[in-house]
Amino acid sequence: MRKFLKHAWTACAAGAVASGLALSGGAAQAANAPSVLTIGTLYASSGPFAVASKGQFEGLQYWADTVNKDGGTYVKAFKKKIPVKIIAYDDQSSTATATTLYNQLITQDQVNILIADFGSVLTSVGIPLAAEHKMLLIDPTGSGANFFTKKTDYLADVSIPSSTVWPLTLGHFLLGQKIQRIAIIYDSNDFDASQAETLKATLEKGGVKPVYYHGVPTSESNYTVLLHTIAAQNPDAVIEFGYAPNDIAFLRNLSSSGLHFKMTFTIFPGQLLDLMTKNVGAKALAYTYTYPTPPLVQTQKVTYGPNTAAFVEQFKAAKNAEPNFLDVAGYNTGLVVQDMLETAPAFTQLSFHQALMDMSGKTTTLLGDFKINENGAQLGELFSVGQLVPSGNGNKMVVVYPKEKATGTAVYPAPAQ
Amino acid sequence: MRNATGGTRYAVAVLATLAVAFVALPQVYGNQSVLFTMMTYMALAQGLNLVYGFTGYLPFGYVGFFGTGAYACSILVTFTGLPVLLCVIGGGLAALLIGLILGPLLRLSGAYFSIANLAASQIIYYVVSNEALKPLTGGPYGIKIDQVFAPTASYAAMLVVLLLTTALAAYFRLSRFGLGLRAMHQNPISAAVAGVNIVRARLVVWLVSATVAGLIGGVYAWNLSVFYPDAVFTLEISVFAIVFALFGGVGTVIGPLLGAGLLYTFYAAIGVSTPQYFQLLYGSLIVFLVLFLPNGLVSLLVRRKLHVL
Amino acid sequence: MSSEPLLRLENIEKRFGGLIVLHEQSFSVSAGEILGLVGPNGSGKTTTINVISGVLRANSGRILFEGKEIRNQPIFRIARLGINRSFQVPKCFRAMSARENIEVAATFGAHAPVDVDAILDEIGLLRHAGEPAGSLTVNQQKMLDLGRALATNPRLLLIDEIGAGLNPSELGAIAALLKSLAARGIALIVVEHLLEFLNRITDRVIVLGAGRMLFEGSLAEASRHPDVVAAFIGG
Amino acid sequence: MALLEYALVGGILYGVFFSLVGIGLNLVFGVMRMINLAHGQFIMLGGFGAYLLSSHLGLNPVFGIPLAVAGGIVIGWPLYYAVVPRLQRSNDPEMLSFILFFGIAQVIEAVTLLVFGADQHSLPDSALGSGNIGVLGQDFPDSWWVAVAVSVLCIGGLYLYLSSTRLGFATRAIMADRDEARTTGIDVDRVAAIAFVIGLSLAGIAGVFVPYMVGSVSPSIGGGLTTTSFAIIIIGSLGNPLGTVVGGLVFGIGTMLMQTYYASWSNLVPYALLLVIVLIRPSGLLGKAVRSA
């Protein structure tokens, strides 16, 4: 046993030395151009955020691979191309670990560019640290409303708008369809509850009061009795805001319950269609509504980078897999950084931030319009409303609202399966 | 008790070493968050040791006090504008109050106590994070007190809390009160027959341990300054505190400190080098520890007849 | 004052669920007296001691120590009042040294300072004072248990089957020790199976059978009493 | 009124299934006086076993039941002999086993994660019948009824094992008093190892139906299932396997009623029930727990 301990010690020491060596690499960013541009980020290989976080990370990595194939990304401040290197740590979905790892990236690796992990929870702890060290935190998907309450130079949400504004279009669609009886069930977490609140407010402004409006715990996994309770209110439309596991349980329970509503809306079929189809089945997804996200909706005209269709082709060729929304979001983050470096006149965090502000409103990428405000919130592309319509063995996404983006009209009421 | 003065000297040395180490380390190692988190876990392991090591009650829901402290402190900062240190103390008092409410749990034995305590911590978590409490706690939206964000000051505060907790452990180990605790831990009925007020002693230890966790939580919230309920109520915090304390050796002063210090270093090192195997390595390590070193690292020293505080 | 016994039980009843294990027990002990408690297994001897020392709570009746009701007092308070006990299976603090075992009681149970060495000497463990209690022999642990009780300066000692497993010379030493304690004015209630041993130290015994007091008087008379005989033979 | 009835019937069905989820943990505790903190991870393995059979071999997921039993034997028997006798000799078996099984839980979760990834997986709905069956006019999906039927069979089987077989008798003797049982000549380790195997197998069988009852299975669901199981067996009473059924029903009905009337507080149900019951009646609804001093 003493031997065992000795091993533990050795492992410990070896680990410390190894990390020490790794750390000394990224130091010293001087007036001279660095030989490699370090981009620090975190991902979660396990825990509740693993699925989403790994998707986003893969997208970012794919971006780095692509630019490095071209000899790197052009940096205006040095007037030349510099290869990028991603330094990434695994936070296991733990905020405590994420805190130390953000600090690791900032203080030990001294990365040039800092990119947050997926989602609000894992982004939150990086915000004060970045500000403290005067680093610009590039935030792909952390959209907590709490984050963007005052002017800052050190935070920029680049890939998705705050979840608070996601359901605006959905609300207008429901009002436009003159659907009066609407049930809203949501998980009690920042992401879902803020959407429920916005939708309720939007509907009430249009004179519609939801007939059912309740939060359930984020851990909720069985909706059978809840669905029955909802059905008792005779709603025409049932809107469920949850994370992917909730949406899976909800849709499965709905299809096996024998209940049927004229309209059913969930979030994740629009982001992780493969995962949802695999778990829920194409039949149960047919005619349900969602927020369609790239690559399920395509941005044709872009001002920077490939358009959505071109990206999907490239990604499929390189990775032999269909990209999902999070891959796109991660890749888009890389693109925004790339554009930022091409336009920032100086190699400083403030200059980076100014570049992002200058890009705002004038840039369109495969993810849509890029527009941030001085608090760092993303105001660009609003999500539209899509419906999954049977096609072959699966479903295809039809954007049904708003009109200018629509690729078809809603099948309402949804036919019973 | 013959070693009381020697013991006291030993305790002072431990406290001084801790203080010097955590004042000096930031000069040579720049990732203050790692050091801060290490102190947090050292303090938590020590705080848990107060109750588990000295009474045998394993508080699986220890994180409940930590989270209570974090939220009470943040709420005070948000609504009262008191100096942040007072808010941290408020966090400790809130945890003390919760400890008092949960006092009747001490009537339960072994596993029942642990699990009932776990249930209590989950209840606090669910109540704090419920949407109905949004105006007060921020509910699921989390809470933000970045107006008081001060990494260096909160680092110093955590060091003070760590020293306080360790001093308490030394008191439990060396004092007359501690003699009664040891007797009670080994045989509660004989201890009572010997005149030890076991009900009161247990409650005192429980409340002290709860208060300490509340203080740690308060300082932790101050350091984080933007967080969601999961960040301060995740069960992982209890589990780490238990594993760290056990690894070092409970019922001693230096055991939990050694355990948390070494194991957290190990954690941080594999987290950086081979994260994909992290959970596997960690789980296996725990299995090996329990099977081959159940009384912790300090038992190796004791076996060599070294005096351990 | 002198007529008031040190301890008086009045109609003590103890039930476990529906089972009555002590029926209306009433007896008293005076300072300096040694009272024997005998009876077959399950007759309520140890329960009586547990009830007096507070380890168990009686369901009804009164326990008066120096005229004060102590029935619902917690164990430690009863100990501090001056009632202490040994256990049939010694309950030492096994990881603590013999000396520390005594020190716990001296620290928490006694009103006045206690000479720990003197007690260790009295129970014959002075030479083993530094050894962990768990490493002592069972007989030594029994003595340590008694020493722990003595360290609280008791005025009433409850002794539960201390004689079992001792050889004649050890029994003799214990008998002498208990008598010397009584001579100091300590009252003793001694639960014992070894009647010969009991006969040496006491002239008054109470015989219990199925939780009832069958007899009170001298041991010699007891052996002639029909109820007692019936209880022991199981008739 | 229809809502109340639906919640009650649903709660009973859900509760019966959760009795199966908890019962293995309770059997193991009763026999070994150890808390298998990896219980939820064994349930999760059962779910993944059924998923493998269904997705890779095209078998009906119910074949996951024999697989779970086989897994229980292959994992449980060696695991018991590798760790339990050693722990029993330690100074605090109850608490050390708590931590040991936590380590095992981490290992299982990590390995599953490396093999299957973090994604959710589920089983085809049609495999257990895609219709609905009604009772008292309340319709529930076929899969619920299958899960409930299997739960009843398993719990009934366990009851028969404990009440009418020689091994079961020995098992109950060990539950009552391990040392006493040893002195009467019972091979305590063998009987306890069998009980451990049964406990793990029951967990695995419950796992087969988890994708139907809680939507999907993923490596991270184990911890939550363990805590819920705890709550259930404490409500019933630790160490009394049949009390688990009472605990399961209280949990199921309580949860469904809360879902119907106060949805956002429904996750408090198991913990609040546990705390209230433990404080009012520390022994659980059927058992004993207070320490003697």
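By written order: A, B, C and D. Residues from 1 in each chain.
Here, contacts are C-beta pairs under 8 Å (C-beta built on N, C-alpha and C of every residue); 3 or more make two chains touch, one makes a residue touch a chain.
Note that the structure is predicted; figures quoted are calculated from it, not measured.
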Higher-contact pair (C-beta pairs counted), B-C versus A-B: A-B
Chain whose mean Cα position lies farthest from chain B: C
Central chain (by mean CA position): B
Rounded Å distance, chain B centre to chain C centre (Cα mean): 43
Where chain C and chain D are represented by their mean Cα positions, the distance between them in whole Å: 48
Computed distance of Cα centres, chain C from chain A, in Å: 74
Separation of mean Cα positions, chain B and chain A [Å, integer]: 35
Multi-chain contact residues (two or more partners), chain A: 45-46, 188, 215, 217
Touching two or more other chains - residues of chain B: 126, 130-131, 189, 192, 198, 276, 278-279, 285
Interface hub residues of chain D, defined as touching at least two other chains: 109-110, 113, 264, 267, 293
Complex interface listing, chain D residues touching chain A: 2-3, 6-7, 10-11, 14, 109-110, 113, 118-122, 124-125, 130-132, 139-144, 213-216, 218-220, 224, 256, 259-260, 263-264, 266-267
Of chain B, residues touching chain A in the complex: 30-34, 37, 40, 126, 129-131, 138-142, 144, 146, 149, 151, 224-228, 230-231, 234, 236-237, 262, 265-266, 268-273, 275-276, 278-279, 285, 288, 292-293, 297, 300
In the complex, chain B residues that touch chain C: 1, 176, 179-180, 182-183, 186-187, 189-199
Chain D to chain B touching residues, read off their complex: 29, 35, 83, 86-87, 90-92, 94-100, 102-111, 113-114, 223, 227, 230-231, 234, 238, 264-265, 267-268, 270-272, 274-275, 278-279, 282, 289-293
Interface residues, chain A side, partner chain D - complex: 45-48, 50-51, 54, 185, 188, 214-217, 219-222, 224-226, 228-229, 232, 244-246, 248-250, 252-253, 255-258, 275, 278-281, 284
